[in-house]
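Have a look at this one before I ask anything.
We call the chains A, B, C and D, going by the order they appear; numbering starts again at 1 in every chain.
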Amino acid sequence: MCRWLAYSGSPLLLEELLYKPQHSLIDQSLHATLGPHTTNGDGFGVGWYAEGEAPALYKGTDPAWNDRNLRELSQHIRSGLIFAHVRASTGTPIQQSNCHPFRHGKWLWMHNGQIAEFPKLKRELVMAVDPSLYPHIEGSADSEVFFFLALTFGLEENPPRAVERAVAFIEKIARDFGVPHPMRMSVAVSNGETVWAFRYASIGTPPSLFFSTRVGTLREQFPEVPAFQALSDEARLIVSEPLGERVGAWNEVPESTCGVVRTGEDELRPFCPTAAA
Amino acid sequence: MCRWLAYSGSPLLLEELLYKPQHSLIDQSLHATLGPHTTNGDGFGVGWYAEGEAPALYKGTDPAWNDRNLRELSQHIRSGLIFAHVRASTGTPIQQSNCHPFRHGKWLWMHNGQIAEFPKLKRELVMAVDPSLYPHIEGSADSEVFFFLALTFGLEENPPRAVERAVAFIEKIARDFGVPHPMRMSVAVSNGETVWAFRYASIGTPPSLFFSTRVGTLREQFPEVPAFQALSDEARLIVSEPLGERVGAWNEVPESTCGVVRTGEDELRPFCPTAAA
Amino acid sequence: MCRWLAYSGSPLLLEELLYKPQHSLIDQSLHATLGPHTTNGDGFGVGWYAEGEAPALYKGTDPAWNDRNLRELSQHIRSGLIFAHVRASTGTPIQQSNCHPFRHGKWLWMHNGQIAEFPKLKRELVMAVDPSLYPHIEGSADSEVFFFLALTFGLEENPPRAVERAVAFIEKIARDFGVPHPMRMSVAVSNGETVWAFRYASIGTPPSLFFSTRVGTLREQFPEVPAFQALSDEARLIVSEPLGERVGAWNEVPESTCGVVRTGEDELRPFCPTAAA
Amino acid sequence: MCRWLAYSGSPLLLEELLYKPQHSLIDQSLHATLGPHTTNGDGFGVGWYAEGEAPALYKGTDPAWNDRNLRELSQHIRSGLIFAHVRASTGTPIQQSNCHPFRHGKWLWMHNGQIAEFPKLKRELVMAVDPSLYPHIEGSADSEVFFFLALTFGLEENPPRAVERAVAFIEKIARDFGVPHPMRMSVAVSNGETVWAFRYASIGTPPSLFFSTRVGTLREQFPEVPAFQALSDEARLIVSEPLGERVGAWNEVPESTCGVVRTGEDELRPFCPTAAA
């Protein structure tokens, strides 16, 4: 069911995050320990903010552990805001247009989870996407439709509210179609300055989600990643699954929570899907 | 803008059609002479009817001329009703779900052409697809949406009428959105017994389309294809572009025409898009 | 480190072997339980004997569990002698020319295992391949070089002796280069009539290998595979890892053993690598 | 038979060279006008020098015109020394390990052309590669073996002499095997500071090769490439096929010539394959 990683802080080479840590995201594509899938080999994607306002993307359908270009590029691409995702498909085809992160303008979006019985609900959900946004939907994945619903509900103005409204809408449509608890999600979204992360499920335990706070402990925990020694206190990692030992450097994001990472004070706030604007 | 081939007759190995003729479909993927594209290297697909009622598919995103598996399989797959297509994309991504033929139940569909300004019209067209059919749309190509509109308008009951109604609908929506002459098409569709081929454009010359009649001339024209010697008089080839010299063995399908190939008498009939059922 | 399967018996559709059993080879590509790798997602290949003398091949670099064409083709390809392999690379690139089975004329070859420190030994081993055979080496995998050494040492005349001589040669070269125990192998090779299977390691436990004997138990064990009900007593499966419960239907091939499956009596015989012809 | 481009000068984004010129390399992958192949869709590769001493590589097997990642990356990768190549295979498989440029340490190598009857000569040529270099050969292409012969004959000390000796050796072996005029080549090689380009054929006209000199004319010729306006006089392009009109900005490299591009004075010198060191 996918693994992802979001980084915000001083610029790093991609390889510091994707390859060097002991239980890196690339390692998790083959040996994930949390979640239902050991293997997340149905494609991958990396997005990063650097030149200009729109983020760059590199996505592929090969298992991440095999992509030599990714390894090569990771030694040359440096950024202070990075999204990376390895995919385990929940049914939709393996193709680049179904890989995360998804991009719209300056926004990047990643999702781990599922909209239950998506084929049954898809038409209603897609029809609710704003007609001006609809032509930008490229693939067939539930995660992408979820993104475009969030955009429709005002992601560019107020991301937490927009995602709450999108989830409320999905839950309502699902109820109409006899699917009682459709949503399992950990989501990351960014506009290049702030990162918002969400953890929620309609019922039961949502997919795992962790964030790093004590950068000092991060440096201790990862002697094999020299670049971590240079991290500022502003540096934050948000991950589906910790990149190493969980003690100290990783804090679980509570269920039904939205985390906000920005310059200055971060926050955790309740996440309550409702339809109200 | 794609090349395709439909064969109906006594069973042949795929390679007799795809590789052996001098200007075979694989040759056309690299050296097409009619149409705007010399190269049709944006993927390919083959469908064939054999075991059971539902046709089999083999589709790939590599250029057809490079796919070693296709060459290999062609030496082992035999069928009396074969659809084959090499793609030149008109804008949608290169992925298996955008390769032809498209399949629904026992139906196969191929299209050469384009719906002009498709991103502008897509939402209206897709919303008109019957809700029960909508979840079966896998890709993002105009050709696939066209197929599902034909299914919505009764393809399984009366293919020529269904395609006329679908084209009429597309032309109407296009007019509503300020796109005066949207449709260029040659189409092949089959249910495993009959093959229907269509040639039409809203304005101007539609994509090329030819059919073979005099099988005797087909045998003369292709000494390099021994299997053609064994063809019965029922054997028919319908092609975007002739597989060899045009004299005698190939007849152009007139514009605004539907051709019907079945056991017994074939026919050519006018193709008139109207909304009437 | 790969999983493979060889079948000899009355013709079956590929899907009966690749998909239908509970712990099928496709399942093993994602959830192997024996051997060091849970995941064998570095490509796959299928070879089968049908039309003509030379076997057909279908190979791909995608993880087997994702290849839709393989699933599709498996429903239409029928054969009485089938080789199938899912790959976990031991270092060489992921490309079709490094996928098994390898083919030369009417011979198919699959290998699970490794030649230790292959880069160090490769030049000596490759130079020992008969010059007339050398141009047929397509890839860079140790398994393929091993095959061509076996061909050089007379595979086409006496397969067990040829493989013994090839292994003895590899072990000698390895000793010369300071690599004491280079070989771990389970191998299957066939000429379309007989299947030879080998299990051996220079030291320690070789990769797992099992064969089916009591077809009656095979039928009991796989109620979900209707085609097994029709199997003759001649039917044999040789597998890296059992396709279901191990009780009764599966017998472990002893270490340092060559198994021979042919019409009439099968045999197990000692496998003793020596240089003698 | 491939098209390639080498750039040396002030840092540019890859897209300035690969996409923006009217008859860019990507355009040449689909519409080459010189050479025997209109289409060069059998893979591509880009190498560039930036961070550190070893150049970076991005290679793929898709047709260059379809690779969305290449287009994306080109907007973010900047370098003052760039090699780019689009491939038309002369027989060896389509796989990343057969795409150019080839890399060894800080050296990059691209080749347009062919060693005639390469399968017949391959073993002798490969055996002549220095044993310490042999394990670094990854693919099966003649171009790569040619590179490793040049390395064997002292590329790192004296590139022009090394390439002359390598060609002389290939011609000798070819004569021994009854292949009279084996070599057709345009080659580019670099160590990150200097670029050497070669144009030669054993007989007849070698593949085309051009270099730019008058940067002023380059600026006039490419108004659609704003970055060219900022080029220093040191900037040089060496190309299989001009990126636009040939008048003024492009000079043909004479046959049997080696061009050297470095800071300060460039030179053209005779290229005479002889075995002497």
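The working rule: contacts are C-beta pairs under 8 Å (C-beta built on N, C-alpha and C of every residue); 3 or more make two chains touch, one makes a residue touch a chain.
Owing to the predicted nature of the structure, the values given are computational and were not obtained by experimental measurement.
Each step here moves to a touching chain, and the least such steps from chain A to chain C number 1. Under the contact definition, chain A and chain B share the contacting chains C, D.
Chain centres here are Cα means. That of chain B falls 40 Å from that of chain C.
Under the contact definition stated at the top, the residues of chain A that touch 2 or more other chains are 68, 93, 96. If you draw each protein chain as a dot and join the dots that touch, every dot ends up joined to every other dot. Note for the complex: chain C touches chain D at residues 93, 95-97, 119-120, 122-123, 126-127, 131, 134-135, 138-140.
Only residues 30-31, 38-39, 41-42, 61-63, 66, 68, 89, 93-94 of chain B touch chain D when the two sit together in their complex. Residues 50-51, 56-60, 68-69, 72-73, 75-77, 96 of chain A are the ones touching chain D in the complex.
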